[in-house]
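In the part that follows, the structures are each spelled out as structure tokens.
Two complexes, one shared chain (subunit A), two partners (subunit B, subunit C).
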Partner chain A sequence: MFGLTTIASPQGFFIGALCGLVPLGAGLYYRQWRAGVGGFLACLLSGFACGFLGGLPTILMSYAVVLSYAYVNRQDPFTSRAALEEVNFEETRVEQLQRQLANLGRGIRTSWRALTRNRAGFLGFLGIMFFVVVTVFGPLFIEYEGAARLDRRQPGARSLIAPPSYEHPLGLDWKGRDVLSHMVHGGQRLILTSIQAGLIATVIAVVLGSLAALLGGVVDSLISNAANFILTIPSFPLLLVLASLVNLDSDFLLALLFGVLNWPTLMRAVRAQVFSLRERDYVEAAVALDLGVWHIISREVFPNMISYIAVNLIFTIRVAMYSIVGLVFLGLVPLSEPDWGVMIFTGRQQGVLFQPQAAGMLLAPIVAIALFQLSLVLFTRSLEEVFNPRLRSGL
Partner chain B sequence: MTTPLVELRGVYRTFVKDRQTIPVLQDVNLSVQPNEILCLVGESGCGKTTTGKIIVGLLEASAGEVLIQGKPRSAYRRAEQAQLRRDYQIVHQDPFASLNPAHTIEQILSFPLLRHKLVKSRAELRRRIWELLTMVDLTPPGDIVNKYPHQLSGGQRQRVSIARTLTVQPRLIVADEAVSMVDVSIRIGILKMLHRLRDEFGMAIVFITHDLALAKYFAWRGRIGVMYLGRVVELGPTPHVIGQPAHPYTRALLQAVPEADPDVTRRKQPMRLRSDDIPRLTAIPPGCAFHPRCPFYVGRVCDVHVPHLDVAEGFAQQVACIPVQQGQLRPYIDEQAGG
Partner chain C sequence: MSSLTSSAPKLKRDETASLLIRLRRLTRSYAFRIIAQGLITIWAVTTFTFFLIRLMPGNPVDTYIDALMQQRNLTLEEAQRAAAGIFEFDPDEPLVQQYVNFLSKLVRLDLGKSITKGGTPVLDIILRYLPWTLFCVGVALIISFALGVLIGLAMGYWRGGLLDNVMTGFASIISGIPDYILALLILIIFGVQLQWFRVGEVRGGVDPTIEVGFTLEYIGSVLRYAFLPVLIYVLASIGTWILAMKSSTISTLGEDYITVAQARGLSERRVLTSYVGRNAMLPLVTRLAISVGFVVSGSVIIEEMFQYPGLGRNLFVAIAQRDYTTMQGMFLVITSAVVFANILADLALGWLDPRVRLDKKVD
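Moving on to the complex of A and B:
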């Protein structure tokens, strides 16, 4: 994530195919054709996109899913109706591992079903996947045009800008470069930086919020007052000022800056949640059973906040993206192409606003950003269902 | 006499709410013997649950002494304190709130077993969970283990909650209104199970309820403590408290219990109280807290002096009522009770 960008490579294709052999083989062995082939395709795609980095977790997950199908028919001693004396609880390490993997697979399957059940949410998921696929696999097929293409000047034309045509579906920009190539190559950095920024803000908020609620007293008032202080400062103007003072030459620094300024709202919500959750009877039961503070935070309180945190993470990513684009648009961060934000910035600078034939150059990044944002918002609908065991039930 | 598992000596407990100090418990004296059944009865807000939580150690007393097996908690070393905490468990009233919705039943039961290393292997863990679920009559366990709490009925959840306390093999369980939110038809099943578990494992049970009929059934071989506005007003063996109630409040409660037989209920003459209003905890009447409602109220005695739990002549139980202690109130025999 830190400065990491991925571009699919032909080698990745083979890596993915290689990874996919595991679930495929397992599918053949357990006679679970559909799960095996599905696992193969998933491994192929993720290996293609990220090499072994994406391939290995996908192997594990798809293998788990195949096992979960296989385990439906297999007799688990625990779920049998036999009497205690007849049940053999002993199992080898391999069997134990397989059973745990099958449980993981069952979890993945129910999550997937929860994801697809809400139509709006699933649409959002598809939208996000669309942008991921385009920005990861697109560069394989569309070459990036960085240098000016003076050779594309039409005889008698006053600029290089051209409206959409068959060869260039989104037209040419002010340097005569293909807008589509910039769209395909310029999204990944913005999306990754926004995710980083959202993650940083969320982690700070969750840690500080839990600490404030659980420790109380001085810590609580210290954190709450810090939050109130930051909340009173208009964060975007401050970001502007800081961005112009600090040389934001790395994306991570930009994300960090956003994160440090945007945790208070979520922190307050997390604090309130922990306050309410720690009064629950099951937390009291855990105290009586002497399960320990760490257990209470990580296993009793946190799982009940996770859907809330995940939804807020998505919203923070959304806000981060707008902020970053805003900074780029105002030219306060070093501009490096290709980037959706930079496209809007240069477009405005080159007076594209007044040239109808250049609409593609300005509209394409704006529409892409808006659609991505819409996908995020819709996706949160499904996210709630994925993490809520109550909503997951009945499946 | 054996050392009591817990002894409360003159325990007070106050809560601060909206800058107002609310005395929830006042001068509570109680003890619980090993393997004993003690039933705390009283209307809501009388301090039953607070007493239960102080017994378990989830709440501290504001004043007074809480002796755990003869010594205050602070007199034990750290490791002993951890063990003591495990020896005293609580079953909550609301089975919908007492199990974490995020975990399966198997996980809920495995947490304490793993944390305190009560099982040595994965296989033993699963065997133990199977045994525990069988103990609380959740059979076959295979149908239950992989379910989430919301997929179980209230009664099943309460059984899981009891099984969870059994994981650490406690010496005392506080059952805080454990069956009041469970369907009436399965209450007896759970109560019988608690009796059986007590006989099997030799633990003490503090049963908290507002239902005198349940208390009578559950604690027939044990004791009953009747609470009113933060004080224990009557304490003694169940057959005596039920069959020969001493305190006017207990008498009123007993006469208000509806019987399953409508003819019996119709024949009952409910005691006329002087007032039906229960005083608020922020404005507890001086003297005996029950005196504004008590039909046997004696002027300049009941509204001035605070009665303390003591044995009264003609009664086998302790009672906190000055007229009764002075022999001004004759024993009252309820012909319906005592059976």
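Moving on to the complex of A and C:
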């Protein structure tokens, strides 16, 4: 997916270390040791995971955080403690950039604090991070076993399946392959496709919802009726039928299909929100001040909806994962290993379900999916705090 | 006398006028509009599936003709004739004509014949499997709704108590896990590992060796086979009911009439049941009505997992075997159920909450 399907690589480690020098240097320069080292580690990890794609944005973010500790706004008479006559309101380009970066850094710090404040939510965040770290860094240490390993048959055993042992912590599957290697390699595609599906549904919902509310009239009734229409059809059976008609050989197509079927709930909420926001005093004030469409959307309307949209995105990702694993479970999409869903499917198909010693092979993906879904649900609690403008301003 | 005769035509005119007024009142009424909307939705979904199946790239009719040619070594024309016989349409006919034929049959409740099951009418297939799903999912819905409302009410009323803390955690965890994952977990942990029940014996709807009839043995067997699916449906859905009822109860507790009821010295039980409970349940009743619609589609995966002879599993079988006429018929039934449930929900809401009704009437 957009080059994000990455597995940690040794080159990434150096890229990350290289990127980390920027916040580290900034930390030294501003004498903010802790922030500098934290930034270095963040860059190292994200660069390690995604190469330049992860390293470069993290440079910006960690630098902003370091800067936000040290930055003093000279224009602000309260923080700079300068006499009003001494304040120079003429701001150079560099100073403006610094101010914006410091604002960004402060925002990141507040978000982080909000994230860690809710215990259940933070637990969910850690759960998600656990799966991300395992699927991204795991492949570096554990090699994928794709081919059958007939040599592992125990003397006298009827199948290759083996319960957990010291060498294979999760046991062996029906082809004698290490279950742990499948777990480590099989999550990435599922998680990425689910995220993709959730994003597509959210984008469609937000765009159509805003259009319906802002344009009104024919467009509004057209979109609303389409939404009601889709809401009436049970979406999972429809997805099954469509999956049998369309050859879903690409993950993106699957995500797109899911997105097209799952936008109406959020669309209705966005539409209602924009409708009510249009009438609010502060929006009317902004319109009266002629602050421009972009300012109104990004400063007045968007912050009020982002919390709801983010929480809904997480829920959509959850439902997407449910549907995708369900499709795989029923064998209605082309199967390709390694994949958690395929592990369950083949396990059931091979009749492994009824063998007590095969618990590792089936339980591993089942527990992983259950824990990931649970983490997503818990994480929404933190997200509400991160994005809620009322809670944030209280900090 | 004369006044009586002269009043007769006048009366007639009055009657027609009042009929018109009544008719207009009917078309303007809340119920009529909702039902009309529902019927339009059903028509739209039917049309959608009709054209979807015929215009998709992997056109089922062509696929079926291809399959016939390959499997039975038929010529193209023979295969086309065979396909036309089963799909009950003339492939040379224009699509609009086919559509009109399809609709006219539909009005007479003729859903066509199954492709794979030797020409069994689709309606018969549906009527055969529908009761199983209705029974299994319906019982589960009733249990989870009743239990969820009771627990949620208690949690909201004694907020912060032991029950609240324990059940909030339980409800959030249980509602976060997909139903089929829950089913697999129960099967593996309690069935395979702990051997509380025989995993091989819980497949199907009823023990096939027992004779069909109103005997105690037969009913007992049906209940025994339905136990696990019902348990899983209940576990998968009860969390949402609990949390919804809890938040609804909490917001109801803040209302003035609760304070008044307490101030009047009514017993705690009376306040809890007649004042808090009844009002807090209002938003849940509409949700219940909507869920009733989704009973019919059941859960495809759970039914497939337990080989339960319900509509969901047979929809999957029809999809897997590319039995398009059955698929189309089942889809129609599933959607109609949702539409009627929505109508029910709207009407129930209008009946319970007069504001909804009156608001819409004002033009």
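Keep in mind that, in the parts below, the second predicted complex is superposed on the first by the 367 of 395 C-alpha atoms of A that agree within 3 Å, B and C clash if a C-alpha of one lies under 4 Å from a C-alpha of the other, contacts with A are read in each partner's own complex, and residues count from 1 in each chain.
Criterion: a contact is a pair of C-beta atoms (placed from the backbone, for glycine too) under 8 Å apart; a residue touches a chain by one contact, two chains touch by 3 or more.
These figures come from a predicted structure and were not determined experimentally.
Of the two partner chains, subunit C is the only one touched by A:Val377; subunit B is not. When the two complexes are overlaid on their common chain A, residue A:Leu332 makes contact with subunit C while staying clear of subunit B. Which of subunit B and subunit C touches more residues of subunit A is settled by the count: it is C.
Residue contacts after overlaying the shared chain place A:Asp290 against subunit B, while subunit C stays out of touching range. When the shared chain is aligned, no partner comes close enough to touch A:Gly217: not subunit B, not subunit C.
Using the contact criterion defined above for the overlaid structures, shared-chain residue A:Pro10 touches neither subunit B nor subunit C, since it reaches no partner. Once the two complexes are laid over each other on the shared chain, residue contacts for A:Val246 go to subunit C alone; subunit B is not touched. In the superposition on chain A, contact of A:Pro234 is made with subunit C only, not with subunit B. After overlaying the two complexes on the shared chain, residue contacts for A:Asn304 are found with subunit B alone; subunit C is out of touch.
By the touch criterion given at the top, residues 76-81, 84, 87, 89-91, 96, 280-282, 284-292, 295, 299-300, 303-304, 389-390, 393 of subunit A touch subunit B in their complex. Looking at the complex, you find that subunit A touches subunit C at residues 120, 228-229, 232-234, 236-238, 240-241, 244-247, 318, 322, 325-326, 329-332, 344, 353-356, 359, 362-363, 366-367, 369-370, 373-374, 376-378.
Per the touch definition, subunit B reaches subunit A in the complex via residues 56-58, 82, 85-86, 88-90, 92, 94, 97-103, 106, 111-112, 115-116, 122-124, 126-127, 130-131, 134, 140-143, 145-146, 148, 150-151, 161, 164-165, 167-168.
Residue ranges on subunit C touching subunit A, taken from their complex, read 41, 44-45, 49, 52-53, 56-58, 60, 172-173, 175-178, 180-182, 184-185, 187-188, 192-193, 199-200, 294, 297, 300-301, 304, 312, 315-316, 319-320, 322, 327, 331, 334-335, 338-339, 342.
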